[in-house]
Amino acid sequence: MVDLSAKIGDLVLQNPVMVASGTFGYASESADLFDLNQLGGIVTKSISLNPRAGNPPPRIFEVAAGMLNSIGLANVGVEAFIAEKLPFLRSLQTRIIVNIAGGTAEEFVRVVEHLEDESGIAAYELNYSCPNVREGGLEFSQDPSVTQKVTAQVRRVTGRPVIAKLTPNVTRVSTIARAARDGGADAVSLINTLVGLAIDTETRRPRIYAGKAGYSGPAIKPVALAKVFEVAQEVDIPIIGIGGIFSSNDALEFLIAGASVIQIGTANFVDPTTGIRVIKGIERYCAEHELPACAELVGSLRPWCDNDTSS
Amino acid sequence: MVDLSAKIGDLVLQNPVMVASGTFGYASESADLFDLNQLGGIVTKSISLNPRAGNPPPRIFEVAAGMLNSIGLANVGVEAFIAEKLPFLRSLQTRIIVNIAGGTAEEFVRVVEHLEDESGIAAYELNYSCPNVREGGLEFSQDPSVTQKVTAQVRRVTGRPVIAKLTPNVTRVSTIARAARDGGADAVSLINTLVGLAIDTETRRPRIYAGKAGYSGPAIKPVALAKVFEVAQEVDIPIIGIGGIFSSNDALEFLIAGASVIQIGTANFVDPTTGIRVIKGIERYCAEHELPACAELVGSLRPWCDNDTSS
Amino acid sequence: MQKSNEASPAGSRGIFDCRVLSITHFSNQIYSLRLSCPDIAQKAEPGQFVNLKVNQDLFPILRRPFSISQVNQSDGWIEVVWKIVGVGTELMSRLRTGQVVSVLGPLGNGFTIDPDAENAVLVAGGLGVAPFPYLFERLVAMHRRVRVFLGARTGSELVLTQGFSRGNADVELATEDGSVGFRGLVTGPLVTFLDKTEHLDSVQLFACGPTPFLNAMCEIAKKYQVKCQISLETTMACGFGICVGCPVRTADNGKRFMLTCVDGPVFEAGKVALHG
Amino acid sequence: MQKSNEASPAGSRGIFDCRVLSITHFSNQIYSLRLSCPDIAQKAEPGQFVNLKVNQDLFPILRRPFSISQVNQSDGWIEVVWKIVGVGTELMSRLRTGQVVSVLGPLGNGFTIDPDAENAVLVAGGLGVAPFPYLFERLVAMHRRVRVFLGARTGSELVLTQGFSRGNADVELATEDGSVGFRGLVTGPLVTFLDKTEHLDSVQLFACGPTPFLNAMCEIAKKYQVKCQISLETTMACGFGICVGCPVRTADNGKRFMLTCVDGPVFEAGKVALHG
């Protein structure tokens, strides 16, 4: 028997496979497709203080080996989330991580405050790809000091694990990860979507209403792996790896690069049971390679050379 | 007849289609495959002061809709370039842009100085994705002040057009583009490769000797378009668009996003005549859309909305 | 057919690996596919759709949604009909008997047949005809009087016309180039029909086709004060509510959205604001 | 066959759209393809390769290199032989007669036949046999005495063995599992042969196969002081020198590199340092 359990600080998971925010709705949508309790964890859609209608269409567009989206953080708002969505989530035997969106530090804090009295929440994941309304739309985690400050403010109001979900759209993501840790984050999730754009050459309009959009899917996997590896080398904080995971082999790459846990995003749209396939595949790999625990894989990359050879 | 000519400052091109540095060798390799003079321009491999052997294998790896590479800037060095490669390039009836690599500002300057007396060079393109040996391997254009300083130093020693080729691996590429312009660059090329990583889960080794590698191909196109659009909106400097261009439709997206000229990279490996196809396709599109000049397309994107809707 | 995910409860929608029983080429770019899929055949309602993964590759990566065109519960198959418009539909046209396709479904809310509507009127623009054979069969089984108006740009794009000859149905055809039937838009013959119909409250319209056509249908429904259900298409990633990528504006103030995949694809005309 | 780029000078290498004349399935995973390509057939030398784009999609995106296995100048075709190892070779196995493949070639430097070597010895590990039928034909035409040693893991992976029965050639087979011929590595029978051969200066070895096998061949060539040419495989993007992605270390100090695609794929044993 392979030990598949995974740890993020004090949070123990039965296996290292979660579904990613915004790619699994509120989980009930897939409940009749497979046994959700097999997952290591479920991350909810981003929840904001008030309900958000989201962006006008078009919201999604397929590109080579990936997709663009700008949903506009459509969600029911924290109160309706607690009333209508949390009861089902709470009934599951897997870890529920509530992902939180905010335009200001205060909004993050207030959503957490709303959720603090509710049971059945294993951790909070803070969506730091949200545009910071005070900084001209810069994503929160594009600035290390903002990242640290917001994290510290949330840290003050909760004893639950806090996971900072970082944007990849930065010069050095390890600087941001360090700031999140210094602010009190228990872990970082990497990566949220890359900024991307596609254009309809007939109409000369962007393919997505908002213009620039979030890029996800297999196409971003190499970038995500590089970011995970960078943080794993530079910062002493557990990492949740995300980006283009469609198969167990993809997931294994993330573990080897340094992620303790991984999340499945876009793949859920193609096959919502991807997580189950990935769990089984990791187990099979460990058995075949005589690894008693999949945690042994974490950060086990063997570089060919020490230094960064110039490209 | 469609006017296909394009301009980068004072540099006039017969059409807006170049081949990108490092993806077309020294041009002679393809001379028997098609008439090179049909291209708008040819950018050479990165030339450094001294010859470089490059990295050990594996240097390349295919990923979904793209490839990773770390060649290690293998090149013959500026003296052998002048003696052995430039004579052929000079004999062509298209614009020759010499791409320059350096580990320090001085190296960039010294390579330019070597080339200044040589005829047949239309412009220099400075490869600012090179690791800056003085800054712990940070790519030159990951820092705006370094970008400005190096550009200004090169500017001082040449009257030829100077093009700063920027890395996409930054928080805000428009800040870097502005720094390049302030340093005296005539144009910016965007984008060089994204940083990516892939891992062989059997050996747990990186798929590329150097570990992290440069990611190119269709998979990076949405990122490149977003970067081009950002700079086009923010900075008043001509842009050369690069990233995953395989078809004329891809090229048109870049023109509409704000690039005056485009470069074909990875596609040359699959079909070195891609540039010719792209030129013909742009011409056909302009004819069909009754555009007398393809320059009219540049920056003609029609956003659905003004503001950045949050993702 | 094999349910690829064994954990999912029997009888519900699911993800199925379905064998191609046959593929038919109607005209230039139009095809139909019969898939062995007893579970979906058992459960599907007219107007519902399936989301197909037509290849095993990463390109194209997303599933492609198609209306369930016909169902045979006893033989356990469903049919879809499509036109080649891009890479996914092109790949589908290369499928061969015996190959396996991953099918997610049945998805969405189908047509709601009004208990009081004696006269069902089916109106299709182009491949909007896709969901009608199954809807037609259901209506005939319910002993409704059915009229079918099928329009297309040209005769070769008028497909499935044979499927409506059972029961006491009338079929009227229209083509923009006049090559078959009425020359002009299909709304022409429809309006003529409505003009001469007395008990409009016994009529229910069912419309499927491109957005401009659906807009025209909503106008007509409003003008004649007649019940009308429309089936929408939007880009979709998941097809069952988890990507939130398929919004359609509500008619009330146009600031709220419903999801085409789970709130539709069939909507009551007047409940949604198409285009803007 | 049609040259897809009309601008390229006639008679030189080029990029050609070539029709599949036939595809043959040898054993489990091994196939051969005959492509109509008069230009390449005209020009190709034994040991050269072609770089094939096996699909029109972006996945897989790069071409795949294959040795030219056989050539027929009068009928204007070339053949390649491959084993399914991944997505590209799998796609190739689904090609059908009449389909078109983009072929870039002929590429690289082929074998150089030593004017003094009366005895040519061809040694293949596994699919390393691929370039040998054409080389064999050339050697026979040059009236050389040819010996062929073919090894594989098991009998079903020993392919093309029939192709060497012309002229006064000897063919020896070896399989690791002993299912066909000598049980063991193909270097076994080769060494036995060399041990009993008197005029080793009249022998030239030609070797193609996996790297460990080539290393063994280099050792043998060195030990017996016999001329030896080896054909290498590395990952390739372009196949003609523009990506600089296919380095092989030179033997001198191991710090310099040559390019497998333009300096090879055939090298003189001892000129390159394999593996490290």
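Each chain gets a letter, A, B, C and D, in the order it is written, and its residues are counted from 1.
The rule is simple: a residue touches a chain if its C-beta (ideal position, glycine included) is under 8 Å from a C-beta of that chain, and two chains touch if they have at least 3 such contacts.
Every value quoted in this text rests on a predicted model; they were computed, and no experiment measured them.
Asker: Which other chains touch chain C while also touching chain D?
Answerer: A, B
Asker: If we define chain centres by averaging CA atoms, which chain lands farthest from chain B? Would you check?
Answerer: Farthest chain from chain B, going by C-alpha centroids: C.
Asker: In angstrom, rounded to a whole number, how far apart do the mean CA points of chain B and chain D lie?
Answerer: Measuring from centre to centre gives 36 Å for this pair.
Asker: Could you grab the centroid distance between chain B and chain C? Build each centroid from C-alpha atoms only and quote it in angstrom.
Answerer: Averaging C-alpha atoms per chain gives centres 47 Å apart.
Asker: Mark out which residues of chain C touch at least two other chains, giving numbers and ranges.
Answerer: Within chain C, residues 58-59 contact more than one other chain.
Asker: Check each residue of chain A and list the ones that touch at least two other chains.
Answerer: In chain A, residues 55-56, 64-66, 69, 71, 218 touch at least two other chains, as defined above.
Asker: Viewed as a graph of touching chains, is the assembly arranged as a line, ring, star, complete set, or other?
Answerer: Drawn as a graph, the chains make a fully connected set, so complete.
Asker: Which residues of chain A touch chain C in the complex?
Answerer: So the residues of chain A in touch with chain C come to 22-25, 29-30, 32-35, 38, 45, 53-62, 64-67, 69, 71, 74, 217-218, 246, 266, 268-273, 276.
Asker: Over in the complex, which chain D residues touch chain A? Could you list them?
Answerer: 58-59
Asker: Would you mind writing out the residues of chain A in touch with chain D in their complex?
Answerer: Contact set of chain A toward chain D: 64-65.
Asker: Where on chain D is chain B touching in the complex?
Answerer: Going by the criterion above, the answer is residues 4-5, 7-9, 12-15, 53, 58-63, 102, 234-238, 240-249, 255-257, 262.
Asker: Which stretch or stretches of chain B touch chain A in the complex?
Answerer: Residues in contact with chain A: 55-56, 63-66, 68-73, 103, 129-131, 137, 142, 169-172, 193-199, 201, 203-206, 209-215, 218-223, 225-226, 229-230, 244, 249, 252-253, 256-257, 285, 300-305, 308-311.
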